[in-house]
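Mind having a look at this structure? Questions to follow.
Letters A, B and C mark the chains in the order given here, with residues in each chain numbered from 1 onward.
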Amino acid sequence: MSTESLLQIKDLELCYGSSHVLHGVSLRVEQKPLGILGRNGMGKTSLCQAVIGMHPSSAGTIHFAGEDITTLPPEKRAQMGIAYVPQGRRVFRSLTVAEHLQIVAHKGSAWSIDRVYEIFPRLKERRHNLGDRLSGGEQQMLAIGRALLLNPRLIVLDEPTEGLAPAIVSEVIDLIKMISDEGIAVLLVEQNMHAALAAVQDVAIMVGGEVVETCTAEALERDAALQKRHLGLEPGQKD
Amino acid sequence: MTFFFIVTLNGLTLAALYFLAASGFSLIFGLMRIVNMAHGALLMLGGYVGYSVVDMTGSWSIGVIAGGLAAAAAGAIVQAGVLGWMQGDELRQTLASIAISIIMADLMLWYWGGITYQVELPEALSGGLRLPLLGVGYANIRLALIGFALVTGLALWIFIQKTRMGAIIRAGVDDQQMLRALGYPINRIFILVFALGGMLAGMAGVIAASALSIAPGTDLQFLLSSLVVVIVGGMGSVGGAALGALLVGLAEQYGLAYAPTYGVVFTFAIMVLVLAVRPQGLLGRAEQ
Amino acid sequence: MRYALIVIPLLLLPVLLNDFWLTQVMTRALILGIVALSLSFLAKYLGVVSFAQAAMAGAGGYTIAYFGPNSVNIGIELPFWISIPLALFLATAFGGLIGCVARRSRGIYAIMITLAIGIAFFYFTRQNYALFNGWTGFSGVRAPLIGGISLRAPVPLYFMSLLSAVVSMMLVSGFARSPMGLAIQAVRDAPGRVMALGISVSTPIIAAFAFSGLLAGTGGILNVWYQERISSFSVGFGPIIDILIIAVIGGLRYPSGAFIGAIVFVMLDTFAVDLVDRERFNTLIGTVLLLIVIFAPNGLQQLVMDGAAKLRRAKQPTN
């Protein structure tokens, strides 16, 4: 690799059984946060799962920090510094908030449980509550806090604003900016275009399992036709 | 009335034994969704090894530990060597564990023969006790059984609820994929839990071989009781195993005492009743 | 047409084989195959691997023994044209009952529950003397005499088993295409969707188990005639596992695989003495099962089909 990107995805293909959901996706993620936009069912979550290693890709390569991670299992990727904030939060329902953080925390890491509590005082208040006793916003904070404790170099967030109240959405946006300022690369998958544009600088648009457009957040914000073509609610998508 | 109390006490001691046997089965099922058909064989292996070690060393405690360790090692080998390679294919894992249980039972028959063994008890446990009020004698070991079950249950509960490893296991039960995405190699955790389940089974085997006896067929008897206990109590929870064991143990003893030729029907009726009302078991969580 | 290719040679076997091969190998394989078919039927069309098939077969077998001539003086002797339909009916009803108990459970839960039922039935037959004569069971059970010929004689029993096997196979494929058969498959594929249509899921599940009970009961009746005895050991863990092994060896997803599996099993059972110590048969069969599960999880039938497909491809000129 001559130009070293933190995450480099090349010609990625992915199938679920007989349905082909990613058709040769190529992407680079650098230090600048990148947003992936697209309507439902366009392959965004599949892309996340391929990056995390939860679903094997059928062709193509994924490089992380110069290393080929295409066939590595999720736990290896996590140890290398890829953290995942999944769609639907997926907090453990029978673990307390404190336990969530304890099982991920490592000694001597830049991120400690105290630091997470500092950012999310609400989590500290609710540290003895079980995962399924938290509100949606609290679960999202916990999912992000848990990811930070991995001391990651890249955080993959899949629809972090889904189902949250507007006030919490803007909190999450600020949080993503803060993560980015900490020097952690961000791959943000969103359906909520406005939230994504507020949080990231570059965007890629996915339609039908392909990246059809890459531009800056500003350019997309100005280009109503582009928004309407790929993200609007009107029909007109391929199959 | 005395008869009723004695039968109840018998039911409680049997329940204690069933709980010891079923706890490991339930633990493995809870985390890995594996119906470990080799559980009875692991229990029997523990019992036989315990017998041989007690015979050799004369120490009952060493025998219990040795039985537990032998079954733990066997369990770890089964998971690491066979079942781990079929992760996610529950039917295949179940079938493979059946094959392993057949092979294990046959090899044990080969080595230990078809004789019935009883592990020799230490002096403290070997006598009997005159029960107050009832005025009848009762074997110490049977009373000790209830103590063992309580201690094991409590230790298991503390391990699962209060330790970091327990939290990791609970997280694995909730969402394996997510636990992996947090950097935990699930396969190693599986092997560990299989070893733990094996250890519980092995120790239960030695205790069963002390309180009752052990012979070919013991594996099947405890596999059935473990199945019914977790079906009744709810899969994958320590409390469920305890409740299930209590119901099944009591039902079996009352059945045996009051309707000898239909004893097993009682056990079975409880299972059918629970399935009709709560298919996930009394303390089980509904599947999504 | 395909059936004819298989059945005609089978019709000629009595001329070619001696009594040992005909009875100990072929007849036994056919009987075990019918019982295993009842399992692969459930596995394929309902998606449930049942461990209660030995119990269903036992229901048929015990009925024949109880209502037929036996040497333990238990039961009432009825003419065979009453006892046979009665046995089939009870096996079917027992199958339906098991289905009713297990109807809300799927996957491994269904395995656990049917296994518990199977083993509980075994213990019940051991404990109960009034109906099942405890662990000794019934001996000296005689097959019916028709026109002075005993059905237990090698050739009649072989033909009877062959006829039953062919009829069973035809019943399975016919039933699978019937409206109820289609409902059963719909329940297997998407129980939620079936419920959303306002159709009860229970009825197809119970029907599938009942039909499976009919098949298992058929095998159970033949088995009692063949063995001339039935006891708790006929419905114990051994037979439960043997039936499973046969179905798995043949391939759980293939009804006809049950017969392939049965042949392999009977050959192993009969000739294991030459391979390993007779005493270690269980180690051998356990190892065979383990190897099949590891290397050919879809069974021999699939293996043969894959091999045939490969051969065909190899024959075709590559362009």
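The working rule: a residue touches a chain if its C-beta (ideal position, glycine included) is under 8 Å from a C-beta of that chain, and two chains touch if they have at least 3 such contacts.
Quick caveat, the model's predicted, so the values are computed rather than measured.
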item	value
Contacts common to chain A and chain B (chain labels)	none
Chain separated most widely from chain C, comparing mean CA positions	A
Chain closest to the assembly centre - both centres taken as Cα means	B
Distance from the mean Cα position of chain B to that of chain A, given in whole angstrom	43
Interchain centroid distance [CA atoms averaged], chain B/chain C, Å	31
Chain A-chain C separation of Cα centroids, rounded to whole Å	53
Shared interface positions of chain A, touching two or more other chains	none
Residue ranges of chain B in contact with chain C within the complex	33, 35, 82, 85-86, 89-92, 94-96, 98-103, 105-107, 110, 220, 223-224, 227-228, 230-231, 235, 260-265, 267-268, 271-272, 275-276, 279
Chain A to chain B touching residues, read off their complex	52-54, 73-75, 78-79, 83-84, 86, 90, 92-95, 99-100, 102-104, 131, 146, 150
Chain A-facing residues of chain B, complex	164, 167-168, 170-171, 173-175, 177-186
Chain C residues touching chain B - in the complex, by the definition given at the top	49, 101-102, 104-105, 107-109, 111-113, 115-117, 119-120, 123-124, 127-130, 237, 241, 244, 248, 279-280, 282-283, 285-287, 289-290, 293-294, 297
